[in-house]
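Several structures are given next for inspection.
Two complexes come next, and they have one chain in common, chain A, joined by chain B in the first and chain C in the second.
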Partner chain A sequence: MKRFFRNKNFTVGFILSLIVIIAAVISLIWTPFDANRMNAKLRLQGPSWQHPLGTDQYGRDTLSRVMVGAVNSIIVGLMTVAIGLSVGVLLGLASAYYGKWVDETIMRFSDFLFGFPAVLTAILITSILGPSMINAMLAISIFYIPVFARLTRAVAMLIWEREFIVAARAAGISEWKIAWRHVLPNILSTLLIQGTIQFAVAILAEAGLSYLGLGTQPPHASWGRMLNEAQTYMSLSPWMAIFPGLAIAWAVLGFNLLGDGLRDTLDPKMVRIR
Partner chain B sequence: MDPKLLTIEALSVHFHLPEGVARAVDGIGFDLQPGETLGLVGESGCGKSVTALSILGLVQSPPGRIEAGRILFESRNLLRLDAEGLRRIRGRDISMIFQEPMTSLNPVLPIGRQVAEPLMVHKALSRSEAMAEAAAWLDHVKIPAARKRLDDYPHQLSGGMRQRVMIAMAMVCRPKLLIADEPTTALDVTIQAQILSLMLMLKSELNMSVLLITHDLGVVAQMASRVVVMYAGQVVEEGRMTDMFDQPFHPYTRGLLKSMPRLGDRRAGRPPRLNEIPGTVPSLIEAVSGCRFAGRCPHVFDVCRKQQPDLFKIGAGQRARCWLKRYPDRRKPDA
Partner chain C sequence: MTKRSLGKIFLLSFIFILSALLILSCEKSTETGRDAEKLNKLTEQVEKLTEKVDQLSKQVDEMGRKLEKFSETMAAPQRGGSLVLCVGDEPPGLDPTASASAAIDRVVYANIMEGLIKVDRNGKFVPGLAAKWDVSPDGKVYTFQLRQGVKFHNGEIFNARVARWNLERGAAADTKNAHPEFFRVIEKIETPYDYTLVVTLKDVDALFIVHMAEGDAVMLPMKGYENTAAAPIGTGPFKFAKWTRGDSVGMVRNEKYWNPALPYLDKVTYRFIKDPSAQVAALKAGDVDIIGWLFAPELAADIAIDKRFKVLSGASTSEVIMSTNNKAKPFDNKLVRQAIAYAIDRQTVIDLVMAGYGTVIGSHWPPVTPYYKKMSDRFPFNPQKAKELLAQAGYPSGFEATIKLPAIYPYSQRAGEVIADMLGQIGIKLKIEIVEWGFWLDRIFKQKDFELSMIGHAEAWDIGIYANPNYYFQYDSQEFREAYAKALKAPNEAEKAKWFGRCQEIIAEDAVNGFLFLSPALSAMKVELMNWWENYPTIALDCTEVWWKR
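Up next, the complex of A and B:
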């Protein structure tokens, strides 16, 4: 653990991400105000002792909403990475192991998905299935499958060439167990690094979709949604846009640095290339 | 009942490469008795490792393909077995250890788990039973404080220790045949001796047969009772170890023996020069009509270039693929 904290990227990323996570966890049991309670008297307030981050056009407390929005972002990050990772790893392993037409099919399918810009794909999916947080997650996950499938395939192919795989075969271990117990542990660190970075990307993507009105629906708090609502009152109360925007930047930066730090520590060869 | 444990008959393994078909193993055959150690000797690329991998069905395909032959293990043709049948034999009846203990162990798994794994696969032991047995085996192959080492990763061990782990991993299911592919080549000399004596000890203890693949005749002299010499994918000479060292017949075998450094040469005041075999191994892709060693043989004569010699019987159990058996007067006296 010590060697991770010797890395500046990791340490900064870890602290930033931890704050986001702590804020999210606290919001599950306590927020300064009810995040959805409106108060017509306190509309569009700037920061004050009572409302440190101000209030929105309905007089809802921005700090409470940013905290609740963190939960939203983390759920989206976790779910999309979990779906993309599990399906992608399975496809990638199959691709690397079977080769030939299995590999061709899976990789051409990946190319197909990659061919569309991610946002367009997401808009397409959410407009077919209807705008909601679940569908936004689904859209992001689908885009993640080829990301993890390709990465898994590339690293797994290298591992499958190694001599210890031949040694494991010579010991009579089945191909399935070799994939699971010998190949997968060897690519876990690479997947962890990519997963952390995709986590950050998912937060950004969900914010984008919610901003466009395709993700989380009102009255639920989401950072992207808050930015969208703030747009109208930009000149009147810039605070409304600044704090959710900062929250997005904070979380994305945090998880990205965490991913970079993990890469520097877990994959020393990459550092030398840089 | 056939007393032989392993019989290889007319085995041919070809590699279908873009440049052409490489005949890595070209019609070889030999057998192995229970409890016997057979040395399979030859220089790099002569097909020894491919032979070993074919026994376990581990030749990469493509590009490799077993074209012909039979590999009988306890009278069963391994080449006819399906993947599952072969998998059940690997690691349980036939084990293999590899040259590079560095790369043959999984770097991200603790050694205890790697040694225990064949037990869980073949003997259906539970994790804890298998780990207990793995600890016993690590102790048996003389790894100090074995129980504490179970959770160590391969990089925490020295080369010799890693090879001991490999041996333990190959031994846990008490195989009838151990294939050792250059088991000591990557180790320094003092460690080599330790590993060889460990193998000898385990061999007599388990009464298993060993197929020892090496280019090191010194190792063969210590371990093997019989020797098969391979050259360019073929068996060129085979016989009892003592006969092969005392009266080698094939010029290639003689060349191999002469190219070993000998302490006596320097003591006698002769220049400490190593005798090499001139020339290089012929390409395995081009078809050769005559003897494959003809290009490098000091005794070569017209028949050698035209026709490939058979394995002629030389003496009791000794055979050599050389025309000198038919034309003894062609042997040049001092070559």
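Up next, the complex of A and C:
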């Protein structure tokens, strides 16, 4: 563990992400106020001791909503990475092992998906399926599949040529078992790094979709939606926009730094190349 | 450490410092009271006092406004100048006799075209192209005395023959008029003299005069009417000049207007800007002189504090209602609907949704329209009573339902969120679904596939929709239909007031829909602009009597 904390990127990223996660976990049990309870008397207030981050246009406590929004973002990050990772790794392994037309098909399909701007197609998908948090997650996940598939294929192909695999093969172990027992553990660190970075990207993408009204639906709190609602009140009550915006920047920065730090420590080869 | 990560750390510390500064800068009350109780009491008193001060300042504001209005009406209007007006929607064409779109009326009605009857700024029916009119004692024969010397913008003369042609055109079998029923009540039209029009109805119709004052009944010239949608010709105080699609409609002063004193302005341009923030930006930059329609209430406070501008908030005719499917369970139960009516705090809805602009309503009738009966006190905010009624209806622990909100109207989405919160307090859990306008028109309005929705009904005299059991909220009441029929056949004012009042009472009592508030007629303009209509009792933005103070 000490090895990790010697890396400054990792330390800062770890602390930032930990704060987000802690805030999310606390909000599951307790928030300063009910995040969805409206109060006409407390409209558009600036920060105060009672409402450290102010209140929104319905008099809801912004701190509570930012905390609940963190849960939302983390769920989206986890789910999209989980789906992208599991399907992508499977496709990537198949591609690396079988080669030939299987490889060709999977990789050309990946190219096809990469050809579209991700957020634009996510908007298309959510407007076809209807706006909801689950559909937003689906739309983001679809774009993660080729990311992980390509990565897995590239790294797995290198591993597959190594001597210990040949030895395992000579020992008569079945190919899928080799993939599971020997190849996968060796590419795990690379996947972990990519997963952390994609986690941050997913938070940003979900915020974007929710901002456009295609993600999380009201009255549930989501950072992107909060920004959207704050837009019309920018001149009257800038707090409403600043704090959810800060939260997005905070979480994305945190998970990005965490990913960078992980790469620096787990993948020393890349550092050397740099 | 690479340069990149150093940059990230710098950014991070910047964000930290920024947030710390923000919190420090706005935190003023750092005092911590030792005696919490005393402090609480004090704050309570202060709150009460501030409320009183608020009320007083509101009264002062009101008086100031009245004084201002008085001085405005007293001051002699000045001639000349041009006006750039900003409205939200661009009309699909400019012929009000061929489309139901309210955006058309907001540009041409009372400016370029006029009907026999006009609605004035107080909602009264006043002479338009008819100088006066009489109704026979049985309520069936209307005799209009038309104004003499009225000419269309293309030089054609307006007389009884033209008026008759216009009315017959509206009733014709192949008419494009959105409301041919307005004209089909007519049995025969006679023109005994050049400027006398005698209209005999098939039956008594209390709304005939109302309909004759709407955009669908404007007078067009017999020869120059074909191109009305693109280049309209009328008798109004302004002549059509130019329509730049996607941008603006321009009109100039009609030098030969039948009232030589009017209009005061030389030129009027309607600009179409949909985005509320862009409207305000255009006003502040001086690109437009007034935002006349679809001005976002949440931006009003920002403009009101600016000394260069003033905000007028009157009454429109658009009732915002939570439309309720009266055939869907459990909303077919009157007790459930009444419980919902008790659970809604209407003033708070106005505060949260319209930033405090708007009028509480209790039935489907604008307070600016004649025969209004105040029903807003029928269901005062009382969650306890709501829960009791809900229990009585067989839902002691509430139920779940879906509310479908049209995405194009921000007020509808916001009101939906607020109502969902309020109904949640009595155990009714609402799932919010935001739908596109096309979807709303098809699924909700046509197929009636909904439980609850939220929409503004813009027309003033539309209570008749409750007499139609196939209308989208599917209200079916014999009692209402009889009352409405009696109101339509009422021969005199007293009877009309009685039966239209009764109609409002019945739907309020049945809590057919969630009657929430009347949309404000909100406009923001330069302070030098005088005599703008504060209320919008009809669908029009009338520039006839508007003038610039210099």
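Here are some notes:
Convention: the second predicted complex is superposed on the first by the 274 of 274 C-alpha atoms of A that agree within 3 Å, B and C clash if a C-alpha of one lies under 4 Å from a C-alpha of the other, contacts with A are read in each partner's own complex, and residues count from 1 in each chain.
By definition in this document, contacts are C-beta pairs under 8 Å (C-beta built on N, C-alpha and C of every residue); 3 or more make two chains touch, one makes a residue touch a chain.
All figures in this text were calculated on a predicted structure; none of them were measured in a lab.
Looking at the shared chain after the overlay, A:V166 reaches chain B, while chain C stays out of its contact range.
In the superposition on chain A, contact is made by A:A249 with chain C only, not with chain B.
In the superposed pair of complexes, A:R108 makes contact with neither chain B nor chain C.
Contacts of A:G46 after superposition on the shared chain: chain C is touched, whereas chain B is not. Of the two partner chains placed by the overlay, neither chain B nor chain C lies in contact with A:R6. When the shared chain is aligned, chain B comes close enough to touch A:K177, but chain C does not. Counting residues of chain A touched by each partner, chain B versus chain C, the larger count belongs to C.
No residue of chain A lies in contact with both chain B in one complex and chain C in the other. Those residues of chain A lying in contact with chain B across their complex are 162-164, 166-174, 177, 181-182, 185-186, 188. On the chain B side of its complex with chain A, the touching residues are 53, 56, 58, 87-92, 95-96, 98, 100, 103-109, 117-118, 121-122, 166, 169-170.
The touching residues of chain C, when paired with chain A in their complex, are 1-2, 5, 8-9, 11-12, 15, 18-19, 22-23, 26-27, 29, 276-277, 296, 298-299, 301-302, 348, 351-352, 407, 413-414, 416-418, 420-421, 424, 432-434.
Remark: chain A residues 8-9, 12, 16, 36-38, 40, 43, 46-49, 52, 57-59, 131, 213, 217-219, 231-233, 235-236, 239, 242, 246, 249-250, 253, 256-257, 260, 274 touch chain C in the complex.
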